[in-house]
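Note that the chains take the letters A, B, C and D in the order they are written out, and that residue 1 is the start of every chain.
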Amino acid sequence: MKQELKQQVVEANQRLVSSGLVALTWGNVSAIDRESGLVAIKPSGVDYAALTPENLVVVNLAGEVVEGDLRPSSDTKTHLELYRSFPNIGAVVHTHSSCATAFSQAGVALPCLGTTHADHFYGDVPVARALTPEEVESDYEHATGVSIVELFQQQNLNPLEMPAVLLKHHAPFTWGKDPVKAVDNSIALEMCAKMALMTWQLQPDAGEMPRHILEKHYQRKHGKDAYYGQN
Amino acid sequence: MKQELKQQVVEANQRLVSSGLVALTWGNVSAIDRESGLVAIKPSGVDYAALTPENLVVVNLAGEVVEGDLRPSSDTKTHLELYRSFPNIGAVVHTHSSCATAFSQAGVALPCLGTTHADHFYGDVPVARALTPEEVESDYEHATGVSIVELFQQQNLNPLEMPAVLLKHHAPFTWGKDPVKAVDNSIALEMCAKMALMTWQLQPDAGEMPRHILEKHYQRKHGKDAYYGQN
Amino acid sequence: MKQELKQQVVEANQRLVSSGLVALTWGNVSAIDRESGLVAIKPSGVDYAALTPENLVVVNLAGEVVEGDLRPSSDTKTHLELYRSFPNIGAVVHTHSSCATAFSQAGVALPCLGTTHADHFYGDVPVARALTPEEVESDYEHATGVSIVELFQQQNLNPLEMPAVLLKHHAPFTWGKDPVKAVDNSIALEMCAKMALMTWQLQPDAGEMPRHILEKHYQRKHGKDAYYGQN
Amino acid sequence: MKQELKQQVVEANQRLVSSGLVALTWGNVSAIDRESGLVAIKPSGVDYAALTPENLVVVNLAGEVVEGDLRPSSDTKTHLELYRSFPNIGAVVHTHSSCATAFSQAGVALPCLGTTHADHFYGDVPVARALTPEEVESDYEHATGVSIVELFQQQNLNPLEMPAVLLKHHAPFTWGKDPVKAVDNSIALEMCAKMALMTWQLQPDAGEMPRHILEKHYQRKHGKDAYYGQN
């Protein structure tokens, strides 16, 4: 695995702290090198400040550790299921950021209430169902990933257009083409969740914004004629 | 365009970050040199820390780039419409600051609930209407500016007395005589919105404060006999 | 006026910023030298970082400037009325801190909901009435001070036991024996207001805590047999 | 008492500030050396930045000062009762962190609404009863500790599985095997309380999450086959 990608994973993990998305060790970022099929992920329970490209754990898509002396994130199997099923994503982020976690705990999908949301998420951010006792007991973290993939199939969602999910009773996952974009989506999700809570205090009936404005904002940033940014 | 004004635009953009008003690249500041009619604005999607007077984009009031290699902010046409229609303003700010954006998303005008508000905004901060599908499709950012100008004409508002607007489904714009004052108004708007949310939790019926106190606070800071500050 | 007291006033003003109690220039601290009857106060509209003992304004209790080239805080007359009527206080603080200002705007007194409050304020923090048009027009800042003093007389409050007040439609004032204690009270007031908002979300009927616990906490810190701290 | 443990107590106290859990001097951490039965605790009312291993106060389990020139935390007797009754704990933390204090003031237990909570607390965080006038008058801080111990006996709680309590009208205490773990629990408690407030805004009926997910998360981190972290 390339040193450069590992360095990006270290920086993306550390950016979870500087962005206020994680307390203690409540979050992890991974990235995949699609050529080799190898995934670099945060070691479990290690402080963000202590991360280096050398102490990241590298696993293959079957979950076998191929590099590193530490135990990988306890959420590794969820990351791997996402990489196997969503072939266009390059990085995955898990946090317990406060506002998005509140939506997860409440089991409430996050509707597109404004352009901030439409700039990042093409519609409602959905909630994945709670796992059954059997799923939790047999292979919890793998089943978590499967429940996300099922949800996206059922709702016919494109993972690059909807790079986030809320896990019932748990917390969010986001992803993206690379570690920077995946963390951007975690930040955007947290801010949209925070603003939704206040929007509903002001206007409890507020629902999805008009579709033509949602389309405009999503497409001006992500569509084929996008004109936001420098690329 | 003078180097000094460009430097002020750089610093004003960076102050959006240090004041906690923007996440990611969700905000932009511009300023106009009224003599030449040239406007310096943040390039689109560029990190605030990377801004310099040299990489700002300079456009004329017709929207043509006259200096700079980067693409200007996607909101440039909104800024330009404000400069064309509000001849006394010198700088414009757009953010997605959380509390003011919640008011925008809810479509709720921000009433003057106390002296903090009266020190900056001479009455309710109004909400501009959502744009029609036709407006969004033909020239979205220009139509956004036009909707603000129409609102101020309909409500007979003086842009220097009411240097802020909430865009329905979107977020706020503020402005001022110069970049410092325009960002001051973004900070004041966000704080007033935050305090209004809490005021209404305590007292759901709280409305505009008595007019004589509003007048006093606005005039002691902005009137012809103002005695706030050193000028 | 002693240089040491001026230095304390500078540091107390700057601590308003580092404690998150003020945005822009929304706050001021003064202190009185009771021997000479002179008061050092923040100049109006000046950035906190630019304050030095030399650019503070020194006024006498009649409000005449006796030192300094700048205009004193626009709230100076309120400070002076407090010094004249509350002979045991040594410093006064005014902020627009968000949560305490929300209580002020709502006109809701802050009850003693727990020991954090009882450690600093001996009972409910009261709300001073709105001023009449005549009071606002004739001598607004002086009348503000008078309304506080009247309130404390009517409610028979001891200013050292209740070192805070909420001004209707406006914001809080606090005070104390010296600048450090006065700012401590502003911080405590803001935190107690913040916690009250959340307490009432959980339990809308929560009112004053049992009197015997209030007494215990107030007296263990401020009573004649106090055993909190090192003095 | 070993210098190393004292150093840990200093750092744990200072981490209360850097984690945003305390304002002013509203919190304290202690640790016990079980071999000697000596407890190192923060001196009362002293700024966190001024703490050193040398100015900590060392007391025995009977509450006698055996080292140090300063007065120990006014909450020392509560700490000592916890050490005497909970023989497996190594450190105790008291804060007035905002959200957990709001739950304390409201007298509302904090249910396990999601996996963040289950990762740290094995069920509801309970509320200890208010003390009677007699208890408050005779030996307040000791009685506080006794009320916690009684509660844990009545509810048959294991202090290492439930390392936190909310004191009615007051604020939380947490503990753990060592100072780092005890402060971790204070941080986790504050975050869970914050997220619960938002969860209930979204879904007022939200109660304890399904027991099988609670079990899974608690056990994967704390059970005999735990696989979270590196130990």
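One rule holds for everything that comes next: a contact is a pair of C-beta atoms (placed from the backbone, for glycine too) under 8 Å apart; a residue touches a chain by one contact, two chains touch by 3 or more.
All figures in this text were calculated on a predicted structure; none of them were measured in a lab.
**Student:** Enumerate, in label order, the chains that touch chain A and chain D alike.
**Tutor:** Looking at chain D and chain A together, no chain touches each of them.
**Student:** If chain B and chain C share one sequence, what is the angle of the rotation that overlays their CA atoms, in steps of 5 degrees?
**Tutor:** Angle of the fitting rotation, chain B to chain C: 90 degrees.
**Student:** Measuring centre to centre, with centres taken as mean CA positions, what chain is farthest from chain B?
**Tutor:** Most remote chain from chain B, centroid-wise, comes out as D.
**Student:** Between copies chain C and chain D, are the contact residues mostly the same numbers or mostly different, with half as the line?
**Tutor:** Under half shared, hence different.
**Student:** Just curious, how far off is chain B from chain A if you go by their C-alpha centres, in Å?
**Tutor:** 32
**Student:** Roughly how many whole angstrom separate the Cα centroids of chain B and chain D?
**Tutor:** Each chain reduced to its C-alpha mean, chain B and chain D end up 46 Å apart.
**Student:** Which positions in chain B touch two or more other chains at once?
**Tutor:** Each of 201 in chain B touches at least two other chains.
**Student:** Could you draw the chains as nodes, link the ones that touch, and say if you get a line, ring, star, complete or other?
**Tutor:** ring
**Student:** Name the touching chain pairs, please: which are they?
**Tutor:** All chain pairs meeting the touch criterion are A-B, A-D, B-C, C-D.
**Student:** Contact residues on chain A for chain B in the complex?
**Tutor:** Chain A reaches chain B through residues 19, 113-116, 119, 184, 187-188, 191, 194-196, 198-199, 201-203, 206, 209-210, 212-213, 216, 220, 227-230.
**Student:** Show which residues of chain C lie in contact with chain B when the two form their complex.
**Tutor:** Within the complex, chain C contacts chain B at residues 23-24, 26, 43-46, 70-71, 74, 96, 98-99, 101-108, 130-131, 133, 136-137, 140, 169-171, 197, 200-201.
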